[in-house]
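In order of appearance the chains are A, B, C and D, and numbering begins at 1 in each one.
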Amino acid sequence: MTDAPRITVWNENVHERHEAPIAAIYPDGIHGAIAEGLRASLPDATVVTATLEQPEHGLTDARLAETDVLFWWGHGAHDEVDEAIVERVAEHVLSGMGLVVLHSGHFSRIFIRLMGTTCSLRWRDDGDREVLWNVAPGHPITAGVPDPLVLGEHETYGEFFDVPPPDDLVFVSNFSGGEVFRSGLTYRRGRGRIFYFSPGDQKYPIYHRADIRRVLANAAVWAQPQSPRELPTVSHRPREWFTG
Amino acid sequence: MTDAPRITVWNENVHERHEAPIAAIYPDGIHGAIAEGLRASLPDATVVTATLEQPEHGLTDARLAETDVLFWWGHGAHDEVDEAIVERVAEHVLSGMGLVVLHSGHFSRIFIRLMGTTCSLRWRDDGDREVLWNVAPGHPITAGVPDPLVLGEHETYGEFFDVPPPDDLVFVSNFSGGEVFRSGLTYRRGRGRIFYFSPGDQKYPIYHRADIRRVLANAAVWAQPQSPRELPTVSHRPREWFTG
Amino acid sequence: MTDAPRITVWNENVHERHEAPIAAIYPDGIHGAIAEGLRASLPDATVVTATLEQPEHGLTDARLAETDVLFWWGHGAHDEVDEAIVERVAEHVLSGMGLVVLHSGHFSRIFIRLMGTTCSLRWRDDGDREVLWNVAPGHPITAGVPDPLVLGEHETYGEFFDVPPPDDLVFVSNFSGGEVFRSGLTYRRGRGRIFYFSPGDQKYPIYHRADIRRVLANAAVWAQPQSPRELPTVSHRPREWFTG
Amino acid sequence: MTDAPRITVWNENVHERHEAPIAAIYPDGIHGAIAEGLRASLPDATVVTATLEQPEHGLTDARLAETDVLFWWGHGAHDEVDEAIVERVAEHVLSGMGLVVLHSGHFSRIFIRLMGTTCSLRWRDDGDREVLWNVAPGHPITAGVPDPLVLGEHETYGEFFDVPPPDDLVFVSNFSGGEVFRSGLTYRRGRGRIFYFSPGDQKYPIYHRADIRRVLANAAVWAQPQSPRELPTVSHRPREWFTG
């Protein structure tokens, strides 16, 4: 495990181009802010971005083959992501590429494809205060992260969040209106590692925060492949496989 | 939880109709043998069968709505199962219907859909001896099951079995040629319970055995819905949801 | 699994005898209120009580051998529980007896003995509102339980709760002051099942509530042994164990 | 996470001093062979050893405070390990120190203390062939390890192994006589990481093998603390903890 993962930050990049208040928060796009934070936290990492409107959404096979960890932010345009590219990304994850899914990416095609559940949840947007608690204090994703992480005003996500039970439950959020949410979850799928992290609604300047950037950098280091990438495939093996 | 689940046993029913040796082992079909065992073990249960060649593969919405637990056996005809029906079954599972996937059903569309992984594995068919060990002795699926369960001659399945880490690892198999296999696995997905159980290759009279029938009956009781069925869906909730 | 478990409700029974306000809430003791609720919910169950001041704390080997599920409430007198009896209870749990640990029982000797961690947590008692959310909607312990379960005024418990990652995370609580707490947790240890459930501070009439009684009754049914009780012990087995 | 953990290898060091055949296999002790392998694999690590016969078994508070990862090999002398030192080691683990427990260390006081179960298993010693399979191919402990790892002749351990369900099941072993064993298991307890790895009976030259040394080096890197060490302790927090 090194501090130099090759990272691609993917964003649908729709809100920032069509809504002035969002553009004001994220003049370089949400992907730009995330990439900037990763570069600052991990000076040896290679960080590039890709967006929906690019050919093949910027996710060519060559690009993915050179990506150790893919970050994913999407919201209103989930249905515009091509199924063939979703399947391509899924194969890279199952082969060992890391995937970090952010906020409303819970409803992205790639996340539903890999989870197998509806990935639905409850929500409100009333400016409640969100507080994240670390329930896995030895976990590398939480290193150097304040506990609790008081996010302040944010969109409210609530349970039941219909995802498989995670390998590690890392963060749980309290919302001042009464909800809780499992806001940091890890999964192993195939040879790949997946981290879902719920903060990051477009209306709040979440990705400029130092504490959130610490979480994302930790996640990038944690999610990178541990061994050569290879898609698990069915294999027939002859009778004398190790005695011959 | 009752001992009277309503069970549908689904089988592609191909081997038995086209290969005389298989028909000799299972004159009433694999589904017939499984259903017979369930009826004998659970006298209060309602057990019906459904097969690939029936309209809608016998899995109409009405049928699934009246099914507490669906058993699934398939092998050579996975690709002939209609995607729309796979999605229908998936919705019933996520709503709370139990699902028991058997043997080569690891490569069925419904299992891959719900797991999100390749579900691939290693295999040989050399008549090795398989022995199943109970690694979760307090689990209800193992009640009354001999430990170990010496299956004798059977097809060999080997790791790596590319499925998500299970909620409960129940059985692990030893094969005389050197392989191991996680042969009994439980999953919670949405509101539904899933059990994968690997014994049951068509060339061996597995489903006539009393010990295997005990496992399947236990699985049927375990997998049935615990509460009213309902697909998890995204929900918006007003600000004053419990204080108003 | 039946609806007729044999239950012993254990309570240190100290607050009720020495503090008038607690005695007013629980005139028959906390154990009395819990037992009453279990009898009402499970008419076929056998429910008895045991308390600290009895010989052997009421937990003789004979009593435990006839107990399918032991409930445990303790707070100020954890240190007065004899270590030999703690070890006796632990052996029964590892042999298959169910255990339901309540509220401040997180610091009981039996819970620490079985968890292996400090079982420490954060707390305040400011009359915050507690709301429990069901994060495992298909789990039998949640059947018939309102979601959310709005507890209202209660003592505040907060993370980090130093327990092993649970097999199933069932409930998560929100407190109006900002904390979250994993308030319903299941564990399998040896052949036994353990459920920790955090509501139940002595100053609040928690155990008179119908929703809480539903949880406790579900837990009793869930935690009872699934097979004959037997302590896992090391065993030497001869070379020809199944071929001889 | 770095490649320079400070490691202490602890060994009861009894077989090697009293049995000539064991001394012939491990002239520098089992601890010496393990330490030699760690030094070769992790040139930047600091590796020291400690043994039972030393004052405080070589595990003073100062020594543990300077240990990132403690390896533990014991067999016949478990009962000679002082309870106070067991408790001291447990506190360091719960505070964040890594622990790697080897082979018959499954019955060490420290492992039982941290697991809470009997840690019993089945065994034979007939020179069966052991083969370890990687069931978590993306896990850092498996990086660079052959799959399968064909151990050849070794003592047989068999299920049921009475430990809590692990966080990650990493390796499963096949024995030629028919047993299986969960031979590589990870646990998070408090802030610390624990890895149990079953190969290593004193009669076989296991710890001289390159593949086994790779596993142990990976485990050392994986188990080291991710953040400052601190024992989780109960904490009272005032009402206005983040609004004041």
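The rule is short, and it goes like this: contacts are C-beta pairs under 8 Å (C-beta built on N, C-alpha and C of every residue); 3 or more make two chains touch, one makes a residue touch a chain.
Listed by chain with UniProt protein names: A, B, C, D = Trehalose utilization protein ThuA.
Only a predicted model underlies this, so the values are computations on that prediction, with no experimental measurement involved.
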Comparison of C-D and B-D by number of C-beta pairs in contact, larger one: C-D
Chain located farthest away, centre of subunit D as origin (C-alpha): B
Distance from subunit D to subunit C - Cα centre to Cα centre, in angstrom: 32
Centre-of-Cα separation between subunit D and subunit B, whole angstrom: 37
Multi-chain contact residues (two or more partners), subunit B: 131, 136-137, 148, 158, 160, 165, 167-168, 178, 188, 190, 232, 242
List of subunit D residues in touch with subunit B within their complex: 129, 131, 133-137, 147-148, 150, 158-161, 165, 168-169, 172-176, 178-180, 182
Interface residues, subunit C side, partner subunit D - complex: 90, 94, 107, 113-118, 120-124, 126, 158, 160, 162, 164-165, 167, 177-178, 187-190, 231-239, 241-242
Residue ranges of subunit A touching subunit D (in the complex, touch as defined): 1, 96, 131, 136-140, 142-144, 148, 150, 167-168, 188, 190-193, 221, 225-227, 232, 242
